[in-house]
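Labels A, B, C, D and E are assigned to the chains in the order they are written; within every chain, residues are numbered from 1.
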Amino acid sequence: MKHVLKDTAAVASLLIFAVIVLLAVLAPVITPYRYDEIQEAPLLGPSAAYLFGTDEIGRDIFTRIVYAGRVSLLVGVCSTLIAMAFGISLGLISGYYGGKTDVLVSRFLDGLLAFPSIILALAVMAVLGPDIYNAMIAIGIVSIPVFARITRGSVLTVKTREFVEASRSMGAGDIRIMLREILPNCLSPILVQFSLTFASAVLIEAALSFLGLGVQPPTPSWGSMLNSGRSYLTQAPQYSLIAGAAVFLTVLCLNLLGDSLRDIFDPRETRKR
Amino acid sequence: MLQLILKKVAELLTVLLFVSLIVFFTFRLLPGDPAQMRLGLNPTPEALAALKAEMGLDKPLVVQYVDWIGHVLTGNLGKSALDDKSVVSLLAAKIPNTFELAIFGTAVALLLAVPAGVLASVYKHSWTDRLLRTVSLFGFSIPAYWLAVLLMLLLAYKFQLLPAGGFVPWSEDPWLHVKSLALPVVTVGIVNAAQVFRFLRAGMLEVIGQDYIRTARAKGISEFYVIFKHVARNALPGLITVIALNFSLLLSGMVVTEQIFAWPGLGWLMIQSILARDYDVVQGAVLVSALIIVIINLLGDLLNAALDPRIKYNG
Amino acid sequence: ACSSAGNSTAPSASKPADSGKAAETKPAETKPADSKPAEAPKAGGTLKVALNSEPTTLNPYIFPANNDRNVFLQVFNSLMEYDPKTLQPVPSLIKEAKASDDGLTYTLKVQEGVIFHNGKKLTANDIKYSLEKAMAPEASRTAALLKSIKEIKADNDTQLTVTLNNRDNLLLDSFIEVFVTPNDPSIDQAKSPVGTGPFKFVSWNRNEKVVLKKNDTYWKQGLPKLDGIEFMPVPDAEVKLLQLINGQVDFIDIVPTTKIEQVSNNANLQIAKMPEEAAIQDHFLLFNTTKAPFNNVKFRQAVNYALDREKMKKALFGNFVVRASAIPEKHESYNPDSPKYAKDVEKAKALLKESGYNGEKLGMVYLKLDMMYEIVAQITEQSLKDAGISIDMKGLEVAQWTDSVYQKKAFDMAITGITPKPNPVDMLNHAYGKINGGAIQWSNQAWYDNLLKVSQMSPSDGKKALFDLQKQVLDESPAIIVGGLVQLPALSKKVQGFVPNPQSKFYFEAVTKQ
Amino acid sequence: MNEPLLKVEQLTIGYASKRERVDILKNIGFTVGHGETLGIVGESGCGKSLTSLAVMGLLADPLKVQAGAIRYGDTDLAALSKKQMNRFRGKQISMIFQEPMTSLNPVFTIGDQIGEAIRTHLDTPKAEVEGQVADLLKLVGIPSPEKRIRDYPHQLSGGMRQRAMIAMALSCRPKLLIADEPTTALDVTIQAQILGLLHDIRQKTNMSMMFITHDLGVLSQMADRIIVMYGGRIVETADMRSLFEQPLHPYTQGLWKAIPGKSQAKQRLYNIPGTVPDPRDKTPGCRFASRCPHAELSCRESEPPLLPAAAEHEVACFLYAEKGGGRYEGAAAQS
Amino acid sequence: MKELLLKAENISKHFPVKESMLRKSKSKVHALDKVNLSIYREEIVGVVGESGCGKSTLARVICRLIEPTEGSIEFDGVRLEQLGKKQMRDMRRHMQLVFQDPFSSLNPRKKVRQIIAEPLDIYSVGTRSERNKRVDELLEVVGLSAGHAERYPHEFSGGQRQRIGIARALALKPKLLICDEPVSALDVSVQAQILNLLQDLQQQFGLSYMFIAHGLDVIRHISDRIAVMYLGKLVEMGTSDAIFNRPKHPYTQALISAIPVPDPVRRQVAVALAGEIPSPIDPPSGCRFHTRCPFAADTCRTVEPELRVGGDGHSVACHLAEL
């Protein structure tokens, strides 16, 4: 973390992201209305009463954007955590044991990867029914292979390091070696991937909501607002622009963060510092 | 090489087996079925049962799966529940369209990303690099469908330069075809350029840091030569892998793009068939698209293997 | 219903040209400049029509979605058609239909000089075949409508006799839904339909287009005027509109409601507006009346009072008809004494209290066809919330909808849209009768029987009965008319002669394009 | 004595970050005469490789020549642009690297890689390049060179690769060859082969050489003159023989004594306590003071300059300081 | 003679080669071929040989980190190959490894305390505070201070890290310490520190060492007896003195003469052996050294020499060597 602070882009993105998170967390406090409260008229322009105007049903866009942030961020975090939990386990197992286990797990992951991801998410959502929790699961499943591959990759390098053999020579069991010796040393690329997957999860959620399969109305999510808003691009351009900007900014921050994390964790880069 | 291919084919079949299992059983779990969809709102239970029996939907799932796989192995992917068209003919009609988008999209992406990637890695940490990285991050972070809508609004509505989606077959009007291709291709290209750029830059930097590049420089050959011979040749496999990977992501990520641009490709067909519970088409489409994806990645691997003198396969 | 029954006993042997002329002379509410047929008589050209989604099938007997209809409508003719002005059935392939005095026997005269696209001449046998197809159990759209038919007999090539089980004033209305195909089961109507319509089927490329070309031997003289039609699916409503603005297409099936004004202001475009009484499509709220609290009439009335229909109208830029009744207020069969359910939250709350509803969360699903459905569903939800009903809402795509609402009946409340035929019996039947996927489980069999009997009554008795039936359903509110759904197509000004028909049916035979 | 081939003067190499400037090498000065082999020895991280890379103009990114000159004939290499430097690199001066496994480009044949410098610097006709490369391979003792030309690096063993590297370095008959630990990664018997090869070549071509190693045994066989580096400074320089017989600097002495082979088996070895200072460590005084058994107060106050202590022998240590004099005297007696 | 601690007989280890991608080919890496080795209590046995000759493999086989293809190992009177997985793990307490690379043999994410306490944790030795005390003791023993326990490995120099590795190996009070090139990665002066430390520990705790190195000077310095390996075979074994002063195998002789001696006077480069080391995948027939042996005769090319033991325990595997 110390290194992150040295990087201006990283600091800026961290700050902006913190603000976004804060806004989302404090939504009930800072928003003037309920997110599903219908105001006087639809598609009003920005005004003092309605910072970004009102949406197609006459709800305050500002309020909805802030609440949508809650949903989108929650879906992002939870689905990434789900993906991480499964991905890391699979990656650890296949990388550590190798052989047939590895082949089987890898082919399964290839299968998931070869499956068009939106279609996969769509299928999962359709089976489970559209709601926010199922969206998390669906997006989580879609993102499993990335984590699994990255984990497997670093396990393969870490497991050849001598300290792993040292641990085994001292009598440590497989589980202990995997969790105590190998995993901690695979964390940096995983951490980098966390922010990148978080970013892409926000995008997939938006795409799912865009296809009408994400969060259900009247609960707002950035994706669904983006989708509704673009119908009024000529009448109320701020609607879609704001929603798009929210997604874009969040994803940008996360990507920037991931980028500088990558730089920091890159052994070649650190050696010079 | 032959053995490598055999091994890869075996891998490919395993992957497809997984895909077939996933696609078959997930979609059977969806509420609704093709018989219901075909009969509309208010079918009598008898009519429904009869149609289900006719379509073989009354058999146990495992039997249905085995039946289906049996057909698939003989190259018969079944037929659409909507209009009885063979799935193969449907796919044959749609895949070229998707491929067209993906190929030109990739071409646009490469055109943008390769020069940028080379520049950024050669002038690492310079302002050029920083600028390019920032721009690429923007491309990386923008939701593709939103970009699509913005582009369309700008180019199709404001300036009326290009058609707003729609598909004109080449055989009908080549020029219009190209015009209708432009917007989706640019959308797809921009988003992918960002990714290719980032991979390429990282790959080039990795190679530039290698000992043998130092050796090359120690010979006093020009920097241009070092970059375009020694670095490029070693960064190429990475680039090929990324292109293959991206191409396959493109194929499967085309769902939203095709819907928006009304581009009759594989993604749209899949969505349409899912909504209509057209099992055979969904299954066939997913399986074939997985096959294409796996094959493209395989081709990438083989190409890399052929390019890499270290890998010598006897066989 | 009674008036149509009256009409049908003496069908004006209207010449085919008439219906064409009727379409030409007064395209409702289009600007006067368009209605100069003299200026564009010879125009050919291909009309490009963008549809929300492409047809799932071209089979005129079995088709799942209303949207499917507009393509095969060009390929087939039905036995009768609506006059778009009077909304009464007028002859089409049946030149004349004569009912016996007891109303149990109809003698049908077949239109002469009609040739199928495959060159075969239309005979009574083809009509018999088509009628029987439409009566088959799997023809879910028509089978129920033709229940009263006992027997069909082809007397000779040009005449048939249809005997009924009971009197049915709506038989000719029902004939509007019966399309005529050759008496030849080997033709695959779903893929490559053969009919008698103004356009012949040429090709259908999934997700690209359906191509139709002019039927040169069309039996209506001088028609069709276009050389052909291409139907293109464009799933994205915005893009579809952009294509119309750009001139890529000439006609789009639905203008996004919020864009109606924008389109009206565009000098190159027009909107095919319809009088309100013709716009008999409704947003419709179903209850699962087998369950509490929906089995309690007070609860249902509370919902009806809670609905903020004015707000919906506002959100839909006025393109929404505020009404709680299935029959439009201007309709002669509308009962002015039936409750109007103007928004009254206090009353709703009181009724809720009486019903014993104690705030448990209730599910509400809505059919997710387009943005309008979503807007109406959301305002409905808000209205109910304001009245103190707590709701958990979900949008369902068609397959899920069919499965969970119609098949499994696993829902609490459900919002959808209905498009009845423009006769009051069908309006009531569509909403409250068994027709709506059988989803209504309102157990008042007597009401239903009475409704079915209306078409067997004399006009005045029928009207009285309709008044009672109307009041009864509005009082009981076994399901709720949320309001009138307005879906309008838009077209380029280059296109002339389009007359909007009820039920969102598009007839293009008389249309010209410059 | 005539002009040396290479003359490094007051060379300081370091990097400047936003906060500080770190000098890793400071005030390095040495010469390499014609036909002479200069050995550079020192602990890992003392700056041996940096010195050689600086001469080649191949310093990696943040590192820069901060001060000083590298004179090759009349030219100051440190002042040249990249392009100008290319005329010297590979032609006048060439280099063999430590890691034969990673220093060859895996995707080109060794023939191609060896021929590259020839094609760049000499105007040998294209057709003859291959023959020259084969000759070079033969020179470095690779059997059947005509076939080996078409081999890729992975097809060669470590020793063979190092030979290929040497062939590459010799391809334009450079005047100065820099060998940066060319045998560290090799086995003893192979190392002996490579050292023998370099020995022969040097004798045949009268080439000058900078030979970097941390193995004193290797050094004794290869070097004419030796500089000993410690912590980015030159602490001692002398001709090989006198350095081995009479090391002056306490660090050099410690180094000599720590070699296991010399002392009696099973006896305790001499060792220098403590560790090498970090280049960022800015404590004044002699870099070795904290580990030096003879360190005095003065050693911690200022850095001893490198001054002559005997004939052909310079040392940077106050032990040999004579007040006011410009040189360390009587050093030989001390050790 | 001292008591026998370890006796490895006829140890072979062949690794399958993944030569072709589809099926495992029949060719194998002959990493170890019929190696016999014994170590007595409180003895230091040095093992030398060129890179890839199987030294590390031998070390791993001995503590059964990998299973030998054939052969038997007796440790402290127990036949290791007869032990179950669990029993073997208990056995391993008595033989610990010190690794070559001080940078990769310590987990960079753990504090020194955790690293040294790891074997104690695994075998649940004592209470937490006892373990902590033991760690402090061990640090002291290897010449570090207890204050170092809370730091991470990257804060230490190579020599210090090697000390940490040694402390970890000593934690369970093993009888045998297998040192796989413990000083190869270190500078001369640091190497001396570690060698001294290892010697001190051996005397202090009465340890036995199997000490692997490729530097002959180091081996000579520390070992009581020396085993010379070439391409998976043990070619010569004898006391340190015997090996260095009376080497019998031509390879050993070459090895010794190839050492660059830091002697400014005797300055000639001895090219001891020509040729490259053959691949262990298809080792030469007969005597594996015959391809490089200056004295190779016809029998050497066909008949594999046995390891013959001479009177003083000096054994050699060469047809031509006299005992």
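Throughout what follows, a residue touches a chain if its C-beta (ideal position, glycine included) is under 8 Å from a C-beta of that chain, and two chains touch if they have at least 3 such contacts.
It should be emphasised that the depicted structure is a prediction, and the values quoted were computed from it without experimental measurement.
Novice: Common contacts of subunit A and subunit C?
Specialist: B
Novice: Based on mean C-alpha positions, I'd like to know which chain lies farthest from subunit D.
Specialist: Farthest chain from subunit D, going by C-alpha centroids: C.
Novice: With contacts defined as at the top, give the pair, A-B or A-E, that has more of them.
Specialist: Output for the comparison: A-B.
Novice: Report the inter-centroid distance (CA atoms only) between subunit B and subunit C in whole Å.
Specialist: Distance between chain centres, rounded to whole Å: 41 Å.
Novice: Would you kindly tell me how far, in whole Å, the mean C-alpha position of subunit E lies from that of subunit C?
Specialist: So the centre of subunit C lies 90 Å away from the centre of subunit E.
Novice: Return the distance between the CA-based centres of subunit D and subunit E, expressed in whole Å.
Specialist: 32
Novice: Between subunit B and subunit E, what is the separation of their C-alpha centroids in Å?
Specialist: Result: the chain centres lie 53 Å from each other.
Novice: Give the residues of subunit D that touch two or more other chains, as numbers and ranges in rising order.
Specialist: Counting only residues that touch two or more other chains, subunit D contributes 61.
Novice: Residue numbers in subunit B touching 2 or more other chains?
Specialist: 30-31, 149, 153, 157, 259
Novice: By residue number and range, which residues of subunit C touch two or more other chains?
Specialist: Within subunit C, residues 238, 397, 400 contact more than one other chain.
Novice: What part of subunit C is in contact with subunit A in the complex they form?
Specialist: For this pair, the touching residues of subunit C are 237-238, 256, 258-259, 262, 311, 314-315, 317, 368, 371, 374-375, 377-379, 381-382, 385, 393-395, 397, 400.
Novice: Show which residues of subunit A lie in contact with subunit B when the two form their complex.
Specialist: The touching residues are 103, 107-108, 110-120, 122-124, 126-127, 199, 203, 206-207, 210-211, 223, 226, 230, 233-234, 240, 244, 247-248, 251-252, 255-256, 259, 268.
Novice: Spell out the residues on subunit D that touch subunit E in their complex, using ranges where they run on.
Specialist: 43-44, 157, 159-160, 187-193, 195-196, 199, 214-221, 240-241, 244-245, 254-256, 258-263, 265-266, 268-273, 275-276
Novice: Subunit C touches which residues of subunit B in the complex?
Specialist: 30-33, 36-44, 46-47, 50-51, 82-85, 90, 93-94, 149, 152-153, 156-157, 160, 163-167, 169, 259-262, 264-265, 268-269, 272, 275-277
Novice: Note which residues of subunit A are touching subunit C in the complex, please.
Specialist: These residues of subunit A touch subunit C: 36-38, 41-43, 56-58, 126, 129-131, 212, 216-218, 228, 230-235.
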